[in-house]
Amino acid sequence: MSSIGTGYDLSVSTYSPDGRLFQVEYAAKAAENAGLAIGLKCADGIVLAVEKIVQSKLLVKGANRRIMSLDNHVGMVSSGLLADGRHLAKRAREEAQSYRDQYGAPMTMKALIERVAMYEHAYTCYGSVRPFGISTILAGVDKTGPSLYVVEPSGSYYGYRASAVGKGKQLAKTELEKLDLSSITVKQGVMEVARIAHLVHDDNKDGNFELEMTWIGPETKGFHEHVPSQLLQEAEEAAKRALEEAMEED
Amino acid sequence: MFRNNYDNDSITYSPTGRLFQVEYALEAIKQGSAAVGIASKTHVVLVALKRNAEELGSYQKKLIKIDDHMGIALAGLAPDARVLSNYLRKQAMNLKMVFNRPILTQRAVLQIADKAQENTQLYGSRPYGVGLLVAGYDETGAHLYEFQPSGLVLEYYGAAIGARSQAARTYLERTLEEVREVTDVESLIVHGLNALRDTLAQDVELTLRNTSVAVVGKDTSFKIYEDDEVTQWLEKLDLVSNARSRDDGADGDEETAEGDAPQPENPDADAGAAADADDTRMETDE
Amino acid sequence: MNHDPYVWGRPDDAVYGAYNHAIANASSHGNVQEETSFPKMNSQQPIITGTSVNSIKFKDGVIVAADNMGSYGSLLRFNNIERIFKVGKETVVGVSGDISDFQQIQRLLDELEITEEIYDNDGGHNLRAPNVHEYLTRVLYNRRSKMDPLWNAVVVAGFNDDKTPFLRYVDLLGVTYGLSAICTGFGAHLAIPLLRQLVPDDKDYQNVTEEQAREAIINCMKVLFYRDARSSDKFTLVTLKQGQPPKFEKDLRCENQNWRFAKDLVGYGSTQL
């Protein structure tokens, strides 16, 4: 990379001669190679999933949750530096609480993502801090219905019908594009997301993984909750079957 | 003086998105002597190897009680651990005052994780230089967590930190199934000590002077056992397996004996011996 | 004697000097000039008030009832106030006293429910009645120590960690106690004796059935409606039973009222003899 050794890539408050902020770009790199996270906006809710690479068999199975609740109706998952994800979640929770306090109603997703993105952006403005090393999916259901956003370390954000961040996001996005996103239900969404996670994951290269999944839908009465373990298990088994069938066809 | 341009502080990313200062902080953990934790379904045991800086000096404290239901083992910069344990105690007491119940181990450990993260994102502060094993028993059961200065926290059935801790992890992985079925605390402690013994340098033995044990669990308040109190378990250690597990457990580093090891430059470190450079050290070159 | 009713019950100017009307401005915080001449003043009384909350334990649960009245002094200002609400999965809180302070308490507990039950929750159940009660005790005691109390008496009902019924009181002074029958306000005088017939000793709740408890509470609501001029005959009754979500019954009425005695009442508001 031409940026290395020029001295223009050492601080977030320094532009390179061609107008780039390399520290922000490097922060995005931290997010790129971490475990895959998928978000899906369905007709009746949202689904979030994250691939957790099992680094050691001494890790407690099913513990070490990665998807966080920001409020009753909002879920968040990020890929990259995990501790940065918790920092951002802490701030987002404070925003959601203070909105509740001031307006007596749950925060809309539009207002929340705006605040979260503003906060992340502030960490790209000053030489005394570093940008967040995470790509984050925020999804929730508010009075306007389901919505899903992705925020990058730069503080820019976009709304999506479905998206993926982290390792293998391109392949995952290609698969998500094939879904009928206007009519899919959360129940179908859970099955599809599990399938895509298993498809994208390369056991030989990345080792074993655990799939963590949450949703908001009719089954959860608008609350952000973990997908019941039985349904998750069904989805994963179906995903593995589908993969095997696809292999045989090849 | 620096290895590269990107490792001067904890707020500069390398071109591949790494934070070298944070990774170096993880190395500080390995300068400390080993600590091992194991959880059964009802109990958690912490065992640790104490070092003394000099023959006439006292041994460095490795285990700290936080509350009746929670305690920690440390490896790395002991004063940093004291800052964190004070914070944990404060949180535990405050929660007890406000809610009239013991703090959940998970909540407590996430709080120090969030605190540690702050030091990795602000100029002028350094990340903590200590790793912790946090053991607790609460209404959700027995839990063992490993805390890292990066702000990462993970829950384990068995974990080891500090110098040559890879050898202990190897032991724990090998005996995992067996340990999970253990129902008595004594066997759990003996497993912990076996794992700890695998981290020792060649002519060092576990003695009642250098071994600390702590237990917490169902109907068992966190208690630290030292000196004469640990003899009962040291006697249970199988002498034959000692030699065997040492052979396949240690990773063949050239170790200096703990007694005549060079003194650490940093008087704050609870370390007394050289760290094993190869352990699980991260690659630091691009 | 001075026959002007205005001065009755007021400090005599001859004894205490003329009344200083500027004291009415004493609560203007931030105004340095006024603050130097007067002490800072916080609430001296509740404004819109809710009357008694009545509650009793039974064998495997608790019943809590409170009417829907919000009074402004002696004016029956609102008749649709729900003063019992749920916190977490199996706890209810009943509040009497100032209604705006009650609403503040409700906001605090809603926030608490999110921080304790939603954040980083691995499926554990964290917030139970003893925790809610302890939290409220801290809030109310801290406020009273700042000489700025939340003007309420609160009953927290739910279950202990060992699943036995939990019932405990805390008020604007931070005073707290637990009993098998707890009533706030007027109920503490009129309803407690009725409920004590069921639970003469604190442990006796174990012999009380849900039906008995319910009948006693409903009777209390009626007696209080007869005697408490700040009460209404429309009330909410909540039944907590082990292992079930709280059951809210709203818009209940005091049945079989008999006001024939009213013609014999003498004094205030009735024909003078």
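Each chain gets a letter, A, B and C, in the order it is written, and its residues are counted from 1.
Operating definition for what follows: a contact is a pair of C-beta atoms (placed from the backbone, for glycine too) under 8 Å apart; a residue touches a chain by one contact, two chains touch by 3 or more.
Remember, predicted model here, so these are calculated numbers, not experimental data.
> If I average the CA coordinates per chain, which chain comes out farthest from chain C?
Between chain C and the rest, the longest centre separation is with B.
> Max contacts between which two chains?
Ranked by C-beta contact count, first place goes to A-B.
> If I average the C-alpha coordinates per chain and also across every protein chain shown, which chain's average lies closest to the global one?
Checking distances from each chain centre to the full centroid gives A.
> Taking each chain's centre as the mean of its CA atoms, how far is chain A from chain C in angstrom?
Inter-chain centre distance comes to 46 Å.
> Just curious, how far off is chain B from chain A if you go by their C-alpha centres, in Å?
A distance of 31 Å separates the two centres.
> Which whole number of Å gives the spacing of the CA centres of chain B and chain C?
51
> Can you pull out the residues of chain B that are in contact with at least two other chains?
110
> Multi-chain contacts in chain C: which residues touch at least two other chains?
Answer for chain C, listing residues that touch two or more other chains: 120, 122.
> Quick check on chain A: which residues sit in contact with 2+ other chains?
Within chain A, residues 63 contact more than one other chain.
> Which residues of chain C touch chain B in their complex?
120, 122, 124, 126, 130-131, 133-135, 138, 161
> Could you please specify the touching residues of chain B with respect to chain C in the complex?
Spelled out, the residues of chain B in touch with chain C are 97-101, 104, 106-107, 110, 139-140.
> With touch defined as at the start, can you tell me which chain B residues reach chain A in the complex?
Per the stated touch rule, the residues are 5-6, 10-19, 110, 113-114, 116-118, 120-124, 150-152, 154-159, 169, 172-173, 176.
> Quick check on the complex: what are the chain C residues that touch chain A?
Going by the criterion above, the answer is residues 107, 110-111, 114-115, 118-123.
> With touch defined as at the start, can you tell me which chain A residues reach chain C in the complex?
Interface residues on chain A, with respect to chain C: 63, 65, 68-69, 71-72, 93, 97, 100-101, 104, 224, 226.
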